[in-house]
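Order of writing sets the chain letters: A, B, C, D and E. Residues in each chain are counted from 1.
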Amino acid sequence: MPFVHRPTRRLILVLLAFAALVVCAPSASAQDDGGEEPAAEESAESIGGRLQDVDREPVEGVTLTVTAEDGSEIGTATSDDAGEWRVPLPGPGVYTVTIDPETLPEGVELRDAERTSLSPEVRAGQDRTVLFALGDGTDARAENRPSRTSRLLNLAAEGVKFGVMIALAALGLSMVFGVTNLVNFAHGELLAFGALVAWWLEDSLGIPLLLAALVAVALAGMMGVGFETAVFGPVRRRKSGDIAAMVISIGLALVVRYVYLILFGGEPRSYSDYRLQQTVDLGPLSLTPKSWATIVVGLLVLTAFGWALRSTRIGTAMRAVSVNKDLAESSGIDVRRVVLATWLVGAALAGLSGVMFGLAESVRWDMGNDVLLLIFAAVVLGGLGTAYGAMVGGLVVGLVTQLSTYWFAPDLKLMFALVVLIVILVARPQGILGVKERFG
Amino acid sequence: MPADAALASVEPTPGVAKPDPILVVDDVSRSFGGLRAVDVTHLEVQRGTITSVIGPNGAGKTTLFNLLTGFDDADSGRWTLDGTALHRRRPHNIARAGMVRTFQLTKALSKMTVIDNLMLGATDQVGEGMISALLPFRWGSQETEVRERADRLLERFRLAHMRDEYAGTLSGGQRKLLEMARALMVEPKVILLDEPMAGVNPALVQSLLGHVTDLRDEGVTVIFIEHDMDVVMGISDWVVCLAQGAVISEGLPQAVGSDPKVIDAYLGGHHGDGGDL
Amino acid sequence: MDDVLKVLADALRAAVGVQAAAYALAAIGLNVHFGFTGLINFGHIAFMAIGAYTTAIVVDSGLSLWLAVPSGLLAAVVLGILLGIPTLRLRADYLAITTIAVGEIIRIMVRSSALEGLTGGVFGIQGFADDFFGLNPFGRGSYGVWDVRFNERSTWVIVVAWALVALCATLVWALMRAPFGRVLKAIREDEDAARALGKNVFAFKIRSLCLGGAIGALAGIVLAFEAQAVVPDRYLPQTTFFIWTAMILGGTGSILGPIAGSVIFWFIVQFTEGLLRLGVSNGAIPEWLLSSQQVASVRFMLVGGVLMALMIWRPQGIFGKREEVLIGAR
Amino acid sequence: MSETVLVAEDVVAGYLPGLDILTGCNFTLADGELVGIIGPNGAGKSTLLKSMFGLVTIRSGHVRLRGEEITNLEAHALVAKGVGYVPQTNNVFPNLTIRENLEMGIYQAPKLFDERFEIVTGLFPLLGERREQRAGFLSGGERQMLAMGRALMMQPSVLLLDEPSAGLSPANQDEVFRQVKLINASGVSVVMVEQNARRCLQIADRAYVLDQGRNAYEGSGDGLLHDPKVVELYLGTLAQKD
Amino acid sequence: ACGDDDGDDEGSGSETTEAGEGEGEGEGEGEEVEANFDTESLTIGTLLPETGQLAFLGPPMVEGVNMAIRDINEAGGVLGSDVTLIQGDDGTDPDVANTTVDRLIGTEGVNAIVGAAASGITRQVVDKITGAGVLQCSPSNTAADLRGAGNDGFYFRTAPSDDLQGPVLAEYVIDDGYANIAVLVRADEYGAGFADFLVPALEEGGATVVYNEQYDPQATNFDAEVQAIAAENPDAVVLISFEEGVQIAQAMIEAGIGPDTVPLYIADGLASGDLGERINADDPSVAFGIKGTQPSAAPESGASFFPDAFAEFAPDTDVIYSSQAYDCAILIALAAEAAGSADPAEIRDNMEAVSTGGTKCSTFAECMELLADGEDIDYDGASGPIELDGSDPSVGSYDLYEYGEDGEQTVLRQVVAEVE
């Protein structure tokens, strides 16, 4: 910690002037060097500062006293017309600066009335700056502070958005798992594929994002079909077992992920369309248009697919294949086609989720891997093999992650999602929407 | 088959008391949603007899077994084995108390050999403790004993040729045999068999039945669910008929077989072997 | 040719190194869980973390090494019980995800600023293994055969690690051939059947979880000693997956499988990288195809690819039985 | 009984590599015939049905359907050709409702669903009453009824039944045998594997006895029923009293 | 709490040396046995993140070393022969890093290793490397408590530690007169370590830290954090992050607390000179209002040629920690030359000598000439004056910069902070 702070040029003043200019441009006036105590030239160390009111206007004529550690007074200073003051010091050490609140002009007060003195350490050769925060007696910070409810609501909205994105991917994962019994660790890579391809189409071909997203989602679906035809189909036909297939998916994830790293590089990117939008308020909720769109589109897609899985013939066939392939075959279901369709849809959903993640967060080569655990958590939370379950699970995960930050440190937010997963499973071992099988 | 003399004088009414009951069931009920699957007010099972449980499909027979053996939780009810209360006990405790069941849908331990499947059944194995497992001299002789017993059972159940095969390779009927043999390894006081003969070749059924009566003669109480009336009539000392969860009739085989309530609910118009289609 | 031999030596060194030994240990523990009891534990890293951290904390607080290692194992046992009580009732696939979650919860907790006083937060704990290295009987020098040589420091860790591997493998072998192991296998196949035969399934599962967990903790402790450091972000789920890979490569439910698997795993990791770097540096692989900076990425791709190939070609692993896989797959 | 519908010639098949379960089975089914297959447990009866239906890989030998080679054809393709199959175990989709199970029974001709549904629920009223209930909740016998119902939905021209009566109450067993006979009478060729061998032989035109993966006996239903060797080895004497 | 760690570590560090006393006499022979490395010619290995979480940090550092090797060999190499470079990946993963170290030390016989990037990885390998008597120099370990890590003083770094930069950034904020500060840092060694020095310095200087949280580096979503900051109404925000900071800045802008309304202070992990473009490629001016510190890229004293030369050497590559990596390699080479041997122990003994006291020089060629003349040199490098004191630079030279309305970064001044 011991260090010396030695501005090599007198740039500090230029800087201060610049800062003033930046922050309150209209009041900018050419400052001269007068602000600095001449003593600073001779003595290596000094202590000083600049007093400003809430509007960052200089506060003049305030008295400050500097005392040494033993209590002896080193000197006093009064702030000048730029609000600045400085006291030369006899040497490095810890000094106490005390402001005299009495000398503050009318209507200007210390923001923290208790904090009338500061004791910074000044090292050899340092011109130390300290800050006394001045206010006008009102709690400026509290003024346009959002209410508790509005914060909670907004967090909830962010939670829903996050949850919808997770749920889309989770639905895809759950479908593929349901139909092929594959715990697909490469699902995250399908998600990343959607995001990366959309980014690439937009960035290098200049295709508008909406169109790029559509193409990317379709390609992600095709990639899923590719996974099945090239890898998992043959593996299943060899009856290698679910565990082997799972390990293969871990290997596949590695391969694909590093292909992304080579092709796209390690840096995060963002789409140029819809970047940096202004928020749109809807009642107490203020979200960017893209967030609104994510929520609406996501929920629509989720309900549509949830409904389709429950109520269409192919949906029923998917569920049938998921428990008993032989029997499904015997019923005249072309299991291969059903499996392919499932991959197509599941991967496309992942791709869509990826594009949304890219839009809401950033596009990264390993983005899929980062959210994979949450996706799994959502699938399990909702109950394996239930379409609406993945949706509910996703929403729970999303809401819990975001809302927990209202009460707890944000670096623990993922933990809370996982804790909730365990708590819910303890209470309901079959997941929220899962069904307990009969026994015997 | 001679019916147990003690039962001959018991009145054939549902819930009747037996001279020497080993299992006494009171007010056991279980509902699934609106469906009352089991609703048994009182049932006693005579020690050392073969009691058949019959009843239409979905009558609640399997569910009753599930409840009695702790695999499903009864909504209400009490039951005792030899005076020991067994309700609200975990399945393994009930098994250890001496009441063992087999499953209608067999549970072969696929990736274990047939012999291992059987040896697993033996109770009080010293070598099942984690520490003593490391001390072979403590369980070695018991293991040999268990193996011999298992081999004898395999012989009896005509599975000896499959001894070292994976149980997963057995056919449906062979699994039934395995399931029953394994339960016998526990040396239970009461054995509950859930349709042990379904899907078993008739020639084999006969020898199995011989085995079941032997068991009874050794003092084991056998309760089994069966749909084959030839089997039921052939070996039961007592028959209980369930319908819609409740005992509608019990008595000696002949009496139950001719009970109009049973014929109506269960046997239908084609009672017996008169398959004259 | 010499270069290739050098690469081979490298790969062999990785295959017998501390990482391989530690992964073998961890995989042996995992094999107790999955291979023998059927518990899909994706949070194995949690046991490694808890073992390593406890040991580090105990040593760091000035207590003896001989107290620290047992407390690390004890902590793993406690974790096994705590993890088991709520989760062992779950279906296998649910259990899988819950265990990853527990692993992550542990990691996030030890790295959180709230526990910084105990665990060192994101900084972890360093320099606690001096006592361990103080026991090193190997004099200064390099040990090994051919080009596969280690300095005395590594040799010491490697010897200890492989001795532990041998010990644990023997322990597991002894347990699994006993009736105890038979019950575990029965639970793996169908826990209801075991229950119906009077086995206290829950108690056996907890024991399996604790035993495998303690072996996993040992792996964590070995790695922590080797590095003289515990740092939270070394306990990411990824490591669990690699351990799974090692176990399955070798063959689940076999005694030697996990050991062979981890040796092969590290051999592949190092051999692919070595060959690629060699190819790039001597021009066999042209620059336009692969730049030297991409080697590491391609190495991972190759590892993934080889993994897939092995699993496709031999899904039962090296020591597994093909029949068992086929029976499971029906 | 003129034209042969289904022929299996020297079929060798098995599950594990190197271990043949069927070691050269022969089988023929003529048009409109009802053929029974009986045999000890583990003889390979189910395996024979499965291999003809494309669910077990045939290692050598041939299966022909109306002269057309169908060896190792995928099952759904056979369904399209009018072959139906009811497995011995796992014969319902537990995660689907009863109605959905029946819907899957007629997957390739969804338009006919309503009509067939009426017929099947007429036969097994329980299936109609509990149509929205998950099949996984059903009792063993109830499932068997559902499985039979599924097979009836598709109204195939060749029907392979693997122990359709197992686990059913006597009344329901009667119903099943009656139905099988009726189906057969309506022109469907039926193959039935049964452990209720007597009942099976009583209604079968012809029957095969399978033992250890190959044909042991073959003959008319009645003939086998009264062959003392068959009775001793495969039928048992328990139910012979009548 | 970190201060405590500091103490502990130094304690155990010295214990290590004690424990190693037995080796004391053996050290002479030890060198004979440790024949893995060649003492005649210099081989440098890299242990940098080519894969894994910090993969994006890899290329600048790798290229920095590459360029150093080029410069060294163009100037005739060291000890009369070319320096050999062996690349290795730290994978941002201790197991990968460990096997790489095995390879570098065991087979390749490197005399010195440049790396690892993350402090956490260094902790996992430093004992192994230095224990084997190989020199390690990290370009980017900023964790304060790594000072003097490893055995026998074989560990060095060219990145000044957080205890220097933290206070510099704090004073920048205070100089600008912002009183209520929100601090959001990456919850890892880098961010948390930085915050440990930043936050006390802010408070000591009179500012109030109204929000002080860490975010999970595994998290991908920062909406909640940004909302929480907005709710605190701070005068300024300090964000200590790596690349994900771009996304956080975007989120802040969308939440209405962009740098134009609430000044945003950043540090080296996010500094790249083109932050505006990265936040919004179409309108870099969004960066207006972002200020921050970074180790000087073009120090007044030192290798000011570096930025341009690097841009030419490795176009399209980020610059973050590239100069530190460059300096690591150059320093090692110079120390070897000064020692007249490539024995790591001798290189170690000369690291301080070539970086402090003596005739200043800032390119390898220049320094070599001086060495040839038998002069004592003081290498002032691409990342600053690099006055090594033990393992660390005793001074850190930092640029204080800000982004103007056009979105261009301007360096306002340089501040030199010294370790006492």
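In the analysis below, a residue touches a chain if its C-beta (ideal position, glycine included) is under 8 Å from a C-beta of that chain, and two chains touch if they have at least 3 such contacts.
None of the values given here were measured: they were computed from a predicted structure.
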Steps in the shortest chain-to-chain touch route ending at subunit E and beginning at subunit A: 1
Far-end chain from subunit B, centres as C-alpha averages: E
Chains most often in contact, by C-beta pairs: A-E
Chain nearest the global centroid, as defined over all protein CA atoms shown: C
Distance between the centres, which are taken as Cα means, of subunit E and subunit B, whole angstrom: 74
Rounded Å distance, subunit C centre to subunit D centre (Cα mean): 50
Gap in Å, rounded to a whole number, between the CA centres of subunit C and subunit A: 32
Intercentroid distance (Cα basis), subunit C paired with subunit B, Å: 45
Multi-chain contact residues (two or more partners), subunit C: 108, 111-113, 192, 294, 297, 300, 323, 326, 328, 330
Residue list for subunit A, restricted to those that touch at least two other chains: 258, 261, 409, 411-412, 414, 439
Residue numbers of subunit E (touch at least two other chains): 51, 58-59, 187, 214, 216
Residues on subunit E engaged by subunit C in the complex (per definition of touch): 1-2, 5, 8-9, 12-13, 15-16, 19, 23, 26, 29-30, 33-36, 50-51, 58-59, 62, 87, 89, 91, 93-96, 98-99, 102-103, 106-107, 119-120, 123-128, 131-132, 143, 145, 149, 187-189, 191-193, 214, 216
Contact set on subunit A toward subunit D in their complex: 313, 316-317, 319-320, 322-324, 326-335, 385, 435, 437-438
Touch list for subunit C against partner subunit A, complex: 86-87, 89-91, 93-94, 96-98, 100-102, 104-105, 108-109, 111-114, 192, 237, 241, 244-245, 248, 252, 294, 297-298, 300-301, 303-308, 311-312, 315-316, 325-326, 328-330
Contact set on subunit A toward subunit E in their complex: 1-9, 11-12, 14-16, 18-19, 22-23, 49-50, 52, 56, 111-112, 115, 118-121, 123, 128-133, 140-146, 151, 154-155, 158, 161-162, 258, 261, 265-268, 270, 272, 275-279, 288, 357, 360-362, 365-367, 370-371, 401-402, 405-406, 409-414
Contacting residues of subunit C [partner subunit D, same complex]: 322-323, 326, 330
